[in-house]
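Paired with subunit B in one complex and with subunit C in the other, subunit A is shared by the two complexes that follow.
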Partner chain A sequence: MDAPRSARQRWMSVLARADTGVLRRLLNQRAPLPAYTVLRGPEGGLAMVRGRAGGGGAAFNLGEMTVTRCSVSTEAGFVGHAYIQGRDTARAELAALADALMQDPLQAESIEKHVIAPLEHQQALKRAERAGKAAATKVQFFTMRTMRT
Partner chain B sequence: MTPGFADPVADSQACFRTILDVMARPGHVRSVSGITAPAPLCDAAAAVLLTLLDHETPLWLDPEAEAARPWIAFHTGAPHGASFAMALSLPDLTRFPAGTDEMPETSATIIVQVASLTAGRAYRLEGPGLRQPAVVRIAGLPDDFASIWQRNHALFPRGIDLILCAGNTLTALPRSVSVTKA
Partner chain C sequence: MAYVAVKGGERAIDAAHDWLAEERRGDPAVPPLGVAQIQQQLGRAVNRVMAEGSLYDPQLAALAIKQAQGDLIEAAFLLRAYRTTLPRFAHSKPVDTGAMRIERRISAIFKDLPGGQMLGPTYDYTHRLLDFSLLDDEAVAQGPVAEAVPEAMPRVPDILGHEGIIEPDVPSEQEPGDLTREPLSFPAGRDVRLQALARGDEGFLLGMGYSTQRGYGGSHPFAGEIRMGEVSVEIEPAELGFAIDIGDVVLTECQMVNQFQGSKTVPPRFTRGYGLVFGFGERKAMAMALVDRTLRAEELGEDVTAPAQNVEFVLYHSDNIEATGFVEHLKLPHYVDFQSELQNVRKMRAERGTPE
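So, the complex of A and B:
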């Protein structure tokens, strides 16, 4: 039942970053939401974020972040999970449902086309825009080494 | 896969209170609600597992109950071990940790699923928590249960604690109670 790990990681990460309103709209546009059972949650909790200073530094606890998780089961028996940043329970539930549907061979193609791909595209644009803005503020330090080359 | 407690906080707290009550009054039969157990577990056994287990409480699961393992793993995350045991029939008690005289709390608590707690063979219970000896009827324990239990009871303060479950009812036999055939 488990899809290959890397493919599932990709769509779960896209779903975890999605905006609640957009995710709900995309899922509903495709077809009415199928019936499902909530197995756990949605419930909030904390996850410790660990960091490492430089390449060789020892790991340290950066701080805790809020995480909301949810697991649902579709009528076809596929179990979907979602772990998202923040406290948006509706988003966690929708993301878990979309994860379950992505594992269903009958639904995966349609969800990929109508939900995952548009979200991924939108997220890539947003990331590029931010990266572009950040790049424009980059300061070039002309050190001895860069001046020589 | 099916959900756990309908209302995880309230139902598990109510179930915990029920477990405390039956441990304090051996042989009293109480019921639990708010859960639909996965086969082959009964509702009471499933409720006890969800209430007592988490990722720090190792569980030994009866091979006969293997079908329920994914459900238990998903809802509790309990690792393999034997702080708790879930059995569909009474296992050999001597195979489980009975604790030490210095640390009797390290013994195992075994949850045993039986056929009935209202019909069957009658046992007479005596010990702490019982002002007068109580009689409890249990169907589904081995014929020589009274002598098996007396050997466990004799280890006190060491020994195994039992939680017996049938349908949505449960009762407990802590190590302190003495069991004889009635």
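So, the complex of A and C:
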């Protein structure tokens, strides 16, 4: 249904779900954070979440969610953006910075290895844990033949 | 006559609010309740406040519950008020519930559902006996974990849909109406109805849904499927020009399947009602699906005879923030209004010669 995800869409989706403390630690562990300028924000706002009637029909507005956005520019001239769920401004700023660094050919490999890949792994583990718990509640119902005469 | 305002009373109001803060805190010898505790341990209340406050933010919902001393309608009101202070950055692409990371999925019509049925963290099949171990905060054992086999989990109507025996979804790219931007007006399309139901009061919708089962606009429903889990939310910011994931929301979806006699143009088949709510809110999703279907009576050529089929009646009364505002305003001083009513009644009695 949707176009395959680009590399940037992938890392932005990982950054959007990152825990603030972990993201800060991973970014700092690698090397001191490079200098950057905040172009916009970080600022809080809303996104209207939409669903579809019946799951696949016409769109409707389900309700809003809180979102924080931020845009930064690095000294090397790369502009990073972040739109993330919730109200954590520090997280939005770090995510925007990581997005900018991932576009910088001199930084991308290191950020991928030390930040994006570990975050993605952690997020996959968390999902797998929930899926495993759900799988344990998988049920088989049997219809009783004698209930009807 | 119009409401005539009063003034004064500031000192009493301040004192009342100070006392309220003290009452909210309760006995200082008992540790205060943290917002994180509410978020983690009163999840169903948090979900309900997010759904009826129409704002997905578990931490803010937990804060609102704390501030409102657990009054969930007051808490939803706080969320609705908060959202008016924020700009809207975007609307999401319609979420794909077919790609939900399923934590619960059951069907009352398909025993052997492709992808299987999963009970999830449910109160179903519990004995509704008070669990006194919770008084002592005993440690909770880890639940079992099984290997999750990645499997497609198609929505049940999409499975039946291949036979043409159930009405299909009709995709449309039309811009949906938005109750947060334009007030409710009639006739209300299904898009606006679903938005109103999704943020409607759970108790009201439950009563309305129940009334349809008891014969007031009945439509022979079956719970085709209920699913709960996380879905990704995507927006497309103008400065990027492509869609990005901004996070995940937990949703509960209900597909009601209803018998339909057919009409002049449509053969007999199953029709559907749809429920979708923020969080794990199964009762609300089911009630919403029942009411969504009865509100389609006119579209499907059925007689509109029952309250649950009356679009204006349901939509004008489903919002608990509006309802509580109008009901509770009655307690504000109405001295001038009542004085004029008093004079009227006295005059009528005098005219009739009623002895004083």
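FYI, the second predicted complex is superposed on the first by the 130 of 149 C-alpha atoms of A that agree within 3 Å, B and C clash if a C-alpha of one lies under 4 Å from a C-alpha of the other, contacts with A are read in each partner's own complex, and residues count from 1 in each chain.
Please note the rule applied: contacts are C-beta pairs under 8 Å (C-beta built on N, C-alpha and C of every residue); 3 or more make two chains touch, one makes a residue touch a chain.
These numbers were taken from a predicted model, which means no experiment stands behind them.
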Room on subunit A for both subunit B and subunit C (clash or fit): fit
First, second, both or neither for A:Leu39, with subunit B first and subunit C second: first
Comparing the two partners subunit B and subunit C, which touches a greater set of residues in subunit A: C
Which superposed partner A:Ala59 touches (first subunit B, second subunit C, both, neither): second
Partner chain in contact with A:Ser73 - subunit B first, subunit C second, else both or neither: first
First (subunit B), second (subunit C), both or neither touched by A:Ala117: neither
First (subunit B), second (subunit C), both or neither touched by A:Met12: second
Where subunit B and subunit C come nearest after superposition, their Cα distance in Å: 6
Subunit A positions touched by subunit B in one structure and by subunit C in the second: 71
Of all residues in subunit A, those that touch subunit B in their complex: 37-40, 43, 71, 73, 77, 79
Contact set on subunit A toward subunit C in their complex: 1-2, 6, 8-9, 12-13, 16-17, 44-67, 69, 71, 81, 83-87, 127-143
Residues on subunit B engaged by subunit A in the complex (per definition of touch): 1-4, 8, 74-75
Of subunit C, residues touching subunit A in the complex: 50-51, 54-57, 59-60, 83, 86-98, 101-104, 106, 111, 116-122, 143-149, 155, 157-158, 169-180, 190-192, 194-195, 198-199, 229-230, 232-233, 235, 237, 239-240, 242-249, 251, 253, 255, 272, 274, 276, 278
